[in-house]
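Across the two complexes that follow, subunit A remains constant while its partner is subunit B and subsequently subunit C.
Let's look at the complex of A and B:
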């Protein structure tokens, strides 16, 4: 918490206006899983995120990143505290403006790629079919291929394309580059940046910081379920004289 | 959004449902085929063999029927579990729809699939009865057409129903239809509710669901057993006084109580599902 106070006492990157309603607001959020005793997966987290930023949600494994993301997406109910997206608690309206890429492949293997596109098009009014077709075409993915016939890496790319083909307000990408080869990693980062809408925000969870550091505007460090730091990448570099990756290694040194 | 959800639910259910109906149709055809190999003119020496063949054909149909009903139940359960509580749940629960809509779409599609299989069962039974009747009983020998013979049979059944059941054949069929639909809807709610309850056992979700289903069935059967005791008392006292009772006056109140119990369990399971999907959702 000292680090947070040193770099940013408000818990917000300095270049954002506090008068505008934040895109994502997390208030004193706690999560305790049933059967986990007194262990809190997320412990009294509070922060807010404005529009137009690419934010890295960083921390070691088991620090509560995915739990936090699930609560924002309405996939987990908080034990206490609240999450607001555009001022609304998670529900059908917020799910329409959040485009979420989980760390797992959630596609129905029995469906074809084109059927999956129709599925997204049917449910999300902000889904761009043209964008999806263009991105799939660029990768040479057969629209008539059944998902079960595709490799794990290709399925992940299809899933990313589906997520990034939406004109969402908030993109939440949970470990999008974990477990993929360097070439695929480059493609994923390119896809994220090239589809970035300046009015939207991308919240990107990872522990592979060196790969994404250059695309980030802000970072959120989490440790043991708590917010450790919320600052802009520039302020970290200027105040510590280190890259975010080097600073992360220092903070989380075992 | 409900229509869209149902569209994709139906797409997911369509293929296994068609397979189930094809199995049912196949066993019906086989049953009818085997029945037709029996020569009704056989002499006594071959009667035993013919009887054995007939029994085999009915057993074949029976297993096909049981297989289809269990099969569709398993398919519905697996689809619900897969789309709500495995990796696919990440997509299902991030769709811009309410949990009520999600549950409604899954329940309506499952009930319709179940009813389709039941309709298939009714149709195949009618086919087997008609094939058997026309093969073994040559109604023409009695001076009847098949239509006349059927109307005679149903007319007789109607009279017997009024005497013994206290209601006409048509009323009885309506009553049965109502019971089937209510039990079908309640059964689906119970199935889904138990699968959701199984999620409380984070390490053994499927086992938890099966356990919840068995426990709930045991409780429901115990309630049914206790509720039928006054019916038996009623029969005994009526017999003592030499009163003649119709089946409906004896079992009617109990059947209504059983239906109400099913409705109560269905409502409870609906709220269990809602609670589990909103407050206790915990995808792996």
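Let's look at the complex of A and C:
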């Protein structure tokens, strides 16, 4: 893709040095969904991500973002190629260090918010109850409410808080703020910044680019299952004179 | 409140300018200790690495000094701060003149227009 050449990678992390193992390494990854009319949902993707970054995974609907994310989380097996987290293929060890917010909710609707917290605490050794209670309090969420009584947006907030309350190495958030109101969105972004841990990385997919662009270090653009661009936000801005949001609209114009 | 940033310029250079302005107009006094990177990043709603980069650049220019024990401080060199202020003012004037020339005014006409349209002194104080 020539787009990858028009933006040079200055300002990019020095993640290719041989001495430091990248947090996430994706090597020539492909995924074909079987069945009639099968196509390559992810097509020969290669990239690596170091620690201490906040990275946006961007692309139009159906470009393979969620498929990629599911392979990193070990929920889908690659057709070919490989994913390494801390040098390990996805498995129980990598699930301990990845905190994953899926695109769809999986929480038990009949449970109360406080029960959900205990559940996560039992499940994950790196879960911080204090952090969860603090954020739930800041957003004014009733701990005794059952999930089924909460609005769609509030449910999303609860789920995001559960995911962000783990002390993980890699947070993978698939559309984390889509259903959340702008004020809560601001709070969540600030929470992400102030919880920022230089040893951890956040990879998030979203369509709300202008809302989160100032928070991102780097962006990965995907198109038709392929990597189109992997560059820092400021290098895109200084070389195109456009925001990432405006650049995205230009690149993916329908 | 998040800082107001333009969408078409690199974020770090805009943050750098905002902090520079705060130093020049005395919001951050000479010798004053600056908030931490994390606090500033949260206040501005920007990525901490971006904030770090802006502060490093200001350190490089000398406006900010890092002391191992007490974090980042504004320089106590008031002459340097005044010098930076003057540089920015001159750049603003140059940009203004360039815009006016684009409209077709000569230097004399521009100066005359300035004299005719000086804001009253009470309008100058924000």
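We adopt the following convention: the second predicted complex is superposed on the first by the 238 of 254 C-alpha atoms of A that agree within 3 Å, B and C clash if a C-alpha of one lies under 4 Å from a C-alpha of the other, contacts with A are read in each partner's own complex, and residues count from 1 in each chain.
Methods note: contacts are C-beta pairs under 8 Å (C-beta built on N, C-alpha and C of every residue); 3 or more make two chains touch, one makes a residue touch a chain.
Only a predicted model underlies this, so the values are computations on that prediction, with no experimental measurement involved.
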First (subunit B), second (subunit C), both or neither touched by A:242: second
Subunit B versus subunit C as contact partner of A:27, first or second or both or neither: neither
First, second, both or neither for A:226, with subunit B first and subunit C second: neither
Subunit B versus subunit C as contact partner of A:128, first or second or both or neither: neither
Contacts of A:91 with subunit B and subunit C, given as first, second, both or neither: first
Partner chain(s) touched by A:106 [first = subunit B, second = subunit C, both, neither]: first
Subunit B versus subunit C as contact partner of A:79, first or second or both or neither: neither
Contacts of A:210 with subunit B and subunit C, given as first, second, both or neither: second
First, second, both or neither for A:35, with subunit B first and subunit C second: first
Sites on subunit C touched by subunit A in the complex: 2, 5, 7-13, 38, 41-42, 44-50
Touching residues (chain side subunit A, partner subunit C) in the complex: 52-54, 186, 189-190, 193-194, 196, 210, 213-217, 233-234, 237-238, 241-243, 245-246
Residues of subunit A defined as touching subunit B within the complex: 33-35, 70, 73-77, 91-93, 95-96, 98, 100, 102, 104-108, 110, 119, 122-124
List of subunit B residues in touch with subunit A within their complex: 1, 4, 7-8, 12, 83, 87-91, 93-98, 200, 202, 278-283
